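The next part holds the structures, each set out as structure tokens.
Shared between the two complexes below is chain A, which pairs with chain B and chain C, respectively.
== the complex of A and B ==
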């Protein structure tokens, strides 16, 4: 559905994206995570057809996006700071969207009004930040997009709204096979709804994988021996991180669960505990592996 | 139908597989009963439909459910007993529990009585159906 091949983009001296490739299947929810300044927003803006890539190819449904109106009519981008015209009411903004998007669905707009529960005659600038964001979701979900691109979408929404918005997105994915690309720093949110994750760092795609595969491929191991730990323990084991706390050794290792557990058990440890990692931990350790790590800063 | 623990570390699809398996084993979902449609379950639980699809595929692969194209997924009657890997894992679990009980000073005889009681309960449950 969405194919990006070796896309690069630079702004004067800054190389924002370096040959990034990714592909997203129809009906998938793709989570884009990365360090600050990694190029997430640039990538999303290229996807939305706002920026033109310097090199590389980008297609949605095998068609280029930039200045391609039929594709852009089916694609919706909610930026991290949504823009609404000054002094426009919600209803005015809805008229504007209706003229912009041929698939605008007025009935759906009214139906969604029950979810968002705001009067359409209110001026958007008088609304709070979180409510303005809700208006963006309300307007954009009413134009029944095939591709929904979200930049830090759930920022500023309260927990109830978060859940409601996620639910609306899931429904569209389930019913209409809408394709979603989300960038966020809130990895808990992504973990619940994404099926695919890409990690971007300094303009390069570090890894992209099925979320479940990613989680079942990296493990946190707590192991302790009654005597000294055997010297061969860490051989042929892909260790991303290790730490010794007292007599317990904590390892973050990559590899299939069964293989690791049988290897570990062969050394007859006194304690052995293997836990799947949360997405947040995976992110931190993968980044640490690339030299972007949390160091204890002491003054 | 059921709740998932979204704070848990286990992947969502694994949790789904375990929950549905539990419902099938405990006969809450009866043989040939239809499982909820992917779309419905996705919006009920607010999780990705692809994840649910994957869990259903896994359950089918493990022989707990079958799917009828265009109709949906159904509970397969009689769960096959050829799940060696899982049985091995369960045996290990049991071993761990028993060694902890022994360590805490429960006499072996008492453990056997406990087991017998639990087994009797399960079989009694079956007769009631």
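== the complex of A and C ==
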């Protein structure tokens, strides 16, 4: 659905993106993670057809986006600080969207009104930041996009609204096979909705993972033996991290779950615990494995 | 997807109309107040006010200093419209939003341009319609349909150009303020830069015909200045075509720049990398010329001019660097090096100018190829053009000046010789003294050469150095005929002649056509006999009287001529007709006595002058002044009256004439030629 191949972009002196590639399957949600200045916004704006890349190819449905009316008609972009015309009410802005997006769905707009629960005759600029952002969701989801590009969208939304918006997105993904690319500087925001995660650091794509694979692939193990641990224990095992606390050995290892368990059990440990890993932890160890300190990349 | 390839986008158009229709509405209101309301206001005044001035209505449709608000509105609104409609480009959030929409950039550009034109054109057309309805409804016959149509056409054309210019400039910059400033600079640049270049060339090129180029329609180059002159000299079809052509060109330039412009450049001073050095060095150059000209004009010295260049270029260079980099950290090696290269280039350029590598300064046409030479103290008569619009002409009270074009072979040879002498003498770089400046005059030359070529030069010459060359020219009949209006007066057209005595209450009016004709004839004879010294009148010898010839034709014009004390022919004629005593000051009857003294303290003369001194003088104080000479003898008084002058520069004596009413007339007398009664008195 979305293919980005070796896209680079410079802003005068600074190189914002260096040969970034990624691909997003139709109907999936791709989370783009990175600290401030990592290049997330630039990448999303290129994807939305706002910026023109200096080099590289970028397609949605195998078509270039820049200046491509049919593609842009079914792609929407919600920036971190949405712009609304001065003095425009929600209804005015809806009219504007209705005129410009051929797939505008008035019935859906009205139905979504129940979720967002705001009067359409209110001037958008008089609303709070969080509410303005809700208006953006409301308007953009009403034009039934195939591709939804979200730049740090959940900042400033209260937890209830955050949940509602997430549900709306997931619903569209499930029902209409909408494709979503969403950025955040916070992994925890994306954990529960993304299928894929890509980490952008200083304009470069550090790593991309399918979350299902990732979660079933990396494990945190606490293991203790009554005597010394067997020397062959860690042989042929891909260990991302290990730490010894007293007699307890804590391991972060990669590999098929069953294989690791049976292997561990074969050494008859006194204690063997497999603990769940948060997405954040996974990345901490994954990136540590590649020589990056996660706090340099994400915080 | 029906809008895919449209020229404009309907959604954007409707949105623009909704968001910005206040521009059009405001513009309409302003225009209605400026034109139809003014017509009605004029109509509502008293009847006689209207009949007195048939052009009053027409003047409402003029673009000159009678309608400053109209001009202001016409200049401000189109540029402002351009700024507002393209404001989104200069704000990154708005630009992102606009360019994320499913609308092609070309359609965005076209739509905003179309909206702007609607907002500007519709109010103008409506105003013209309302004015037309008002004029025909009230039965105002002074204003014809063509006047309103001309007004409309001019407004539309200028609005279009100003608007499109502001739009095109907006593509080059990412800041709304810069867009506004640069738009006006661009609109003014053709004239402004020309003036700056001319002014600076004038400093370095000896004989450069600065005044000629300055007056030769330089204001036509810039639309802003052209607008203020358009009522005097209406648009020619060629000019209209040029304005339309430039507007269309600017539209395409703007469109092409929009397509190439990166959205992320919103907020930066110059949006195209390649234009940054162009912008930087152009501004530096212009500012250098501007400050150089300023210091030159105020201080009148070469050193100050160079100082102006340095300060102007340095200031502009680093201000632009700060603006472009949005940082104060521009005082670094690289910037100083680049400025150094620029400064070096300017030094080389100045050197080339000093070197006169085109031979401009030494060029003198061969006498055989000269068809005629214009010579005067300014180029104004040569370049003067009367207003071609009748309504403007009516308020234009200026006389048509006479072009002093010499065709007499002898005079051509004399002027040629003078020019040769001026070139040979070369420029005088020393700062002239006060008396030198007083005796310096501007000589403007315009050669018409065989083959239709023309050559223009201008010099400021110190007259005493050129007396020998100037004398025969000034004394020629050709010179006198060109410089005295009286030679062009048809005596039959003269209604009356007023002869008004100088510094006296005496005056005389001639109404008899026979006398008028005779008076004119005698004056002509006297003028032909005028010598160079009398024409130049270096000592400011006052005349007996001034003579005003009032013409009968509808333009109610009058010509003025002096009755100089050397005009003996005219004097004799006055005596013969018995009018002599009615006009001139006579010793005995008008002047009771006079006091003569050596010129006293000379140091405060510039501060107060003879007039001030005379007023302060008390007659009794004068009488009691030790060593003063009092004369009452009519013959002695007559001699003094004929000889006294105003310029105290070479004066030896002060003279105070006492009029019969007690007033004092003061003046000076020279040492040379002083008669015995004065010399004897002051000898001891």
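Assume the second predicted complex is superposed on the first by the 282 of 299 C-alpha atoms of A that agree within 3 Å, B and C clash if a C-alpha of one lies under 4 Å from a C-alpha of the other, contacts with A are read in each partner's own complex, and residues count from 1 in each chain.
What we mean here is this: a contact is a pair of C-beta atoms (placed from the backbone, for glycine too) under 8 Å apart; a residue touches a chain by one contact, two chains touch by 3 or more.
This one's a predicted model, so the numbers in the text were calculated from it and none came from an experiment.
Student: Figure out whether A:65 sits in contact with chain B (first) or chain C (second), or with both, or with neither.
Tutor: After superposing on A, A:65 lies clear of both chain B and chain C.
Student: One more residue to check, A:20. First (chain B), second (chain C), both or neither?
Tutor: A:20 sits against neither chain B nor chain C.
Student: Tell me the contact category for A:174 with respect to chain B and chain C: first, second, both or neither.
Tutor: The first partner, chain B, only.
Student: Figure out whether A:215 sits in contact with chain B (first) or chain C (second), or with both, or with neither.
Tutor: Touch partner of A:215: chain B, not chain C.
Student: Pick one for A:79: touches chain B only (first), chain C only (second), both, or neither.
Tutor: Second partner only.
Student: Applying the touch criterion given at the start, work out whether A:28 contacts chain B, chain C, both or neither, answering first, second, both or neither.
Tutor: It touches chain B, and chain C stays clear.
Student: Looking at A:200 after the superposition, I want to know if it touches chain B, chain C, both of them or none. Which is it: first, second, both, neither?
Tutor: neither
Student: Taking the stated contact definition, name every residue in chain A that is touched by chain B in one complex and by chain C in the other, in rising order.
Tutor: Common to the two interfaces on chain A: nothing.
Student: For chain C, which residues are in contact with chain A within the complex?
Tutor: So the residues of chain C in touch with chain A come to 1, 3-4, 9-12, 14-15, 18-19, 91, 93-97, 99-105, 262-264, 273.
Student: Inside the complex, what are the residues of chain A that reach chain C?
Tutor: 11-12, 45, 48-52, 67, 69-70, 72-73, 75-77, 79, 81-83, 85, 92, 96, 99-102
Student: Which residues of chain B touch chain A in their complex?
Tutor: 6, 9-14, 38-39, 42-43, 46-51, 54
Student: Quick one: in the complex, what on chain A touches chain B?
Tutor: 27-29, 163, 166-167, 170-171, 173-175, 191-195, 211-212, 215-216, 275-278
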